[in-house]
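Just so it is clear, A, B, C and D label the chains in written order, and each chain counts residues from 1 on its own.
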Amino acid sequence: MRVTLYAPDIAREAYPGQFVHIFMPPEHRDHMLPRPFSIFGTNRHTGELAVLFEIVGRGTALLAGTDPGSSWRLLGPLGRGFPVLQPGSLLVAGGMGIAPLAFLAASTTIPRTLIYGARTADQLVCPRENLELPGLTVYEVTDDGSRGEKGTAVDLFSRLVEGAGAVFACGPRPMLAAVRSISNRAGIEAWISVEERMACGIGACLGCVVPADGGYKQVCRDGPVFRAGEVIIDE
Amino acid sequence: MNETKEQPQNEPELKINLGGIILNSPILAASGPLGYGHEYRELINFDPFGGIIVKGISLEPWSGNPPPRLAETASGMLNAVGLQNPGLVQFMEKDLPLLRDAGPKLIVNIIGCTPDQYTGVASRLDRAGGIDGLEINISCPNIKAGGMAFGTDPRSTYRVVSAVRRKTKLPLLVKLSPNVTDISIIARAAEEGGADAISLINTLSGMLIDIDQKKPLLGNTFGGLSGPAIMPVALRMVWQVAGEVKIPILGMGGINSADDALQFIMAGARAVALGTGLFYNPGLAESIKTGLVKYMRKNNINTLGQIEGIAR
Amino acid sequence: MNETKEQPQNEPELKINLGGIILNSPILAASGPLGYGHEYRELINFDPFGGIIVKGISLEPWSGNPPPRLAETASGMLNAVGLQNPGLVQFMEKDLPLLRDAGPKLIVNIIGCTPDQYTGVASRLDRAGGIDGLEINISCPNIKAGGMAFGTDPRSTYRVVSAVRRKTKLPLLVKLSPNVTDISIIARAAEEGGADAISLINTLSGMLIDIDQKKPLLGNTFGGLSGPAIMPVALRMVWQVAGEVKIPILGMGGINSADDALQFIMAGARAVALGTGLFYNPGLAESIKTGLVKYMRKNNINTLGQIEGIAR
Amino acid sequence: MRVTLYAPDIAREAYPGQFVHIFMPPEHRDHMLPRPFSIFGTNRHTGELAVLFEIVGRGTALLAGTDPGSSWRLLGPLGRGFPVLQPGSLLVAGGMGIAPLAFLAASTTIPRTLIYGARTADQLVCPRENLELPGLTVYEVTDDGSRGEKGTAVDLFSRLVEGAGAVFACGPRPMLAAVRSISNRAGIEAWISVEERMACGIGACLGCVVPADGGYKQVCRDGPVFRAGEVIIDE
C-alpha cells in the first residue's frame, strides 16, 4: 500500500535511496522498534512524502490499519542514498525494491531503463502512473508471465546489462547477489540497496550490519545503498 | 509585607551522587543502544541525561556477531551485537574527544575476556582525562573459566572487580548479568571487590526461531532480551540487591516512562538508565525528566533521596 | 484407472509420546491457569488438548499468598497465587473424579517443601487410578536447604526426583525453574534422577511497585512472570536443554499462537503447554491445533517428529 | 463512559451484580488479561448489554478509544450477583460502584433508596435517566458539595440505615468496610460487591482472592457479591 505523509522537513531534504523510520503508535507498547521504509517519493511544494509497503508482519499490519488522517512519528531522512543518475543507467527492482528505484527514476529525465520484476502480476504493486516518466523505459517481468515478460528480473538484466551506464538495484538478497556478480563481470559500476533489521536507524546501536571486507558495515549509516563491491552478499 | 502567601515550593532537585559521580539528573543512557553518542547528539537534546554510558570498549577491536543481530519480541527485543567495538585506541582518539563536551557525565563501559584485558582498558582510561567513571560489564565470557561469564560466579566477579579497582581511582560501577540463580551474592562480591555502585540489569539471555527458515533468527542463535518485557525481573533484582549492599544502584531494564523510573527508585535505585526505550522514543529522557519533576512537585518531594527505596 | 492423480496427502498426525504418555495432540494445558479444569470444561472444548496438567497439589492444603495476587505487565503478567491448593485428600475426593473422563490425558503437578512431602503425594496418586502422569514442580522452597528452591540446585533436584521416582511407576515430568544460572545441569540432574520428560519453563521471578501506594503491587512482593514477554527466554532454555538430555521436552512460556508453538517444537520440544495465553484467549488450544494442522499440510509434514529440533 | 454492546446470550441470562470480562483487541498483545466490568444494564429484547466505566489505566483507555461499531470479545455473565431486592432496601454506591447498583435498582419497582456518592459532581458519572426509576429515592452526596448533599456516602448511610430492609453496597474498600460495620451494628443484613484483579474470571486460577474466615474466597466465583460477614475487608 501507498501512504502519503505530510512531513515537510523530511520531504525537503530527502533524496532517492534514503529511508524513514516509522515508529509504532504509542499505544502499541508490544512493538518497541520502529520500521524502516524507503522513501518512494517526495513533493517539496506540498511537503508530502510517500512510502510504499506491503504487509509482512505485525508492524506493517498495524501501520496499514491506521486511519487516514492519523499522525505517525517519523525519523528521517536516514542513510546514504543513490548517487546521481548518469544517462543510460539501468535500474533493477525486485518486488518492494521498486520503492527507492521509483523515486530514483523520477529524479531526472535523462534516458534510463527500469527492470521491474516480481513473482506475479499482483506483486507488481507500484502504481503504473509512478512509472510513466519522461525518458524512462520500463520492462516488467514476472516469474509466471502474468504481467510483462515471463522470467526473472535477473534474466532480463543479464540481457540488458551490456552497455549500461551504471546499475542501481534493490530487491531480495539473491537478486542483489546476482546483479552484483553480473555487473562485476560486465565491468559496470553497480549500486545496491540492502535491507537489514534495524533499531536506532542512525548508526549508533550496531544492530543492522552487513558483512564487508575487513568487518561489518552499518546498513542504516553506511548504506542502505552500497557500491556492490563494498559488501558481501551471499547468493 | 505581612500578607499570608502560599509557601513558595522548592524547585525539585534532581541532582544525585552515584558512587562519587555527581549527576545533574538521575537519568542515564545505558551502555549500548546509544553507541558512542555522536549520532544521538545530533538527534536529541542531551540535557535531560545526567550521564551517558558508552558502549563496551575492549583492549583490541572486537568484530561482533554475524547478522541478523536484532529481533523484535513481545514488548521487547533481542540483540546479538556481540560487543562489537573499535577497541581502546580508536575510542580514545576518535570517540572520546567528541564526547568530552557533550554535557552529561561520561561513563565508559569496559569489557574483556581475562582480568588483564579489563585492567588494561581501565588503567589507560584512568589517565585519559574527561571520563567521570567506569562501568565494568561482567557479562563477558571468562576465557580462563571455560567461557562462563565472569558475572555468573561470585569469585570471578570479585577477582575482576578488585583487579580493576587497583588500577583506577575513577568511580567504579559494576554491571551485573541477570542470568544467575542468586543476584545478591554476585552484587556482594562486586561490593567487596571495591565497586562504588551496582548497575542492574544487563539483558536476559533469549532466542527466537524463524519458522520459515527453520533456524534461529539471530546469526548468533542467542541474544539479549531487553525492553518493557523484562522490567518486572529488573525491578525484582534491584529490590533484592538494595537489601544486600550499601553502595547505590543504577537501575535499568525496560524503563519507558517516568512511572517506570519511579518504580525503580522506590525499589531502591539511586538513578535509572534508558536502553531499548530510546529506540521506541528517542526523546524519552526528556519526557521522563518532565514526568519526574511533575511527580515531585505534586507530591511535595524535594529530592529523590526522599523516595529512594521507600517501597521497601 | 490410469489417470495420474495428485498423491493423496496423509492427514497430519498430531499424536505424540511424551515420556511414555501417549497424547492425541501435542498441546497441553500448563499447570495453574486452568486450576483443576472444571471451570474451563464448561467454557471451552477440551478436545484440542492432548493433556491437562492440573494445578500443584501438596500433601496438606496450602492457603497461598495474600492478595493482590495478580498484576498485568508488558506482554505478560505476574502471579503470586502461592500454590494455594486444597491438599491431596480433597483433590482425590472432589476434583479427580470430575477430571477422569474429561478426555485429555491427566497429569498432576505435585509440590512439597521436603522430599517426603513430594513422595507422600506421589505414592498416593500412583495408586489413585485415572492419572496418566505426574509433573514434579521443583520451584518450591526446599525447607531443609534454607528455603532455596529445589530446582536451583542440581543435588536437591536429583534427590527429590529420584525419591519420587522410587514411589511411582507413572511417567514423570520434572518442571524446571528458569531462575538459574545454568538450566542444563538442572535438567541433567532431573534426567539422572529418573525423569521421563522435562517441562520448561516455570515463571521468572519478578515484581512491580504501585507508585501511588509506594509499596509492592503484589501482596507477596514477588511473583512469577509469564506470558509472551518471557517466550525468548523459554525458547532459549528449551534449546539448551534439548542439547543436553535424551528425554523429551514439554515446552512452555508465552505461547500464544501456532507459530509460537512451532518455534518451540523446532527448538527441540516434543509438545507444548499453554498458560497465560488461555487468559488472553480461552479458545487458544483450538486455534493452535488448527494452525499446526494447516502448517503441516502446507509443508507436507506428516508427524511433528519430522520438525522436532529441526532448527538446531 | 457508557458502552452498549450487542450480546444477546449474556443479556438474556445476566442479573444485577454479575460482571463481564472484556478482552483486549487482539492487536494489543501487550495486554494479556481481560478487564472485568459490572453489568450496568441489559435489554433482553434488543439483546443489548451496557457497561459503565472510567479510564483508570491503559486497558480502559484502549477500550474507550475503540471506534463505535467495533466488536469486543466478551465472556459472561460471570460471578454471583445480588439477591432479589426486598422493600425498603438501601443501596449504597461510591463512585463507579454505581454500575451494578443501577442495574439492581432497575430490577424492580418496590420502594427502595439509593445513596450515590462521589468526590465531586463530575465523578457522579451515571446518566441521570438511569436513576429516574419508579419507586426509587435517590440521595446524591459529594465530598465537596458540588452536587447533592456535602459529605460522604457513609455519612448519609449512617443516618439512613436505621430501619432499612437490607443493605447493598458497591464502592471503594474503605466505604465497604464502613458499610459493613455500620450495618453489623444496626443488625441489618448487608451485601457488598468486591473488586480484585482478575485473570480467568471463572474461578480456575485462584488469582482474585479476598480474605475470609478460614482462608480465601474467589471474587470471580464466590462473589463479586458477598454477604458482608463472609469476607474480611480492612478499613
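Rule of thumb we're sticking to: a contact is a pair of C-beta atoms (placed from the backbone, for glycine too) under 8 Å apart; a residue touches a chain by one contact, two chains touch by 3 or more.
For clarity, every value in this text was computed on a predicted model and none was experimentally measured.
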Farthest chain relative to chain D (centres taken as mean CA coordinates): A
Mean-CA-position distance for chain B and chain A (Å): 36
Centroid spacing, where centroids are CA-atom means, of chain B and chain D in whole angstrom: 46
CA centroid of chain A to CA centroid of chain D, Å: 56
Multi-partner residues of chain C (at least 2 other chains): 74-76, 227-228
Residues of chain A engaged with two or more neighbouring chains: 29-30
Chain contact topology (line, ring, star, complete or other): complete
Chain C - residues contacting chain A, complex: 74-75, 228
Partner chain C, residues of chain D touching it in the complex: 23-24, 26, 29-34, 59, 73, 75, 196-200, 202-211, 215-216, 221
In the complex with chain C, residue positions of chain A that touch it: 29-30
Interfacial residue positions of chain B with respect to chain A in the complex: 32-40, 42-43, 55, 63-64, 66-72, 74-77, 79, 81, 84, 227-228, 256, 276-282
Sites on chain C touched by chain B in the complex: 73-76, 78, 148, 152, 179-182, 204-211, 214-216, 221-223, 225, 227-233, 235-236, 239, 254, 259, 262-263, 266-267, 307, 310-311
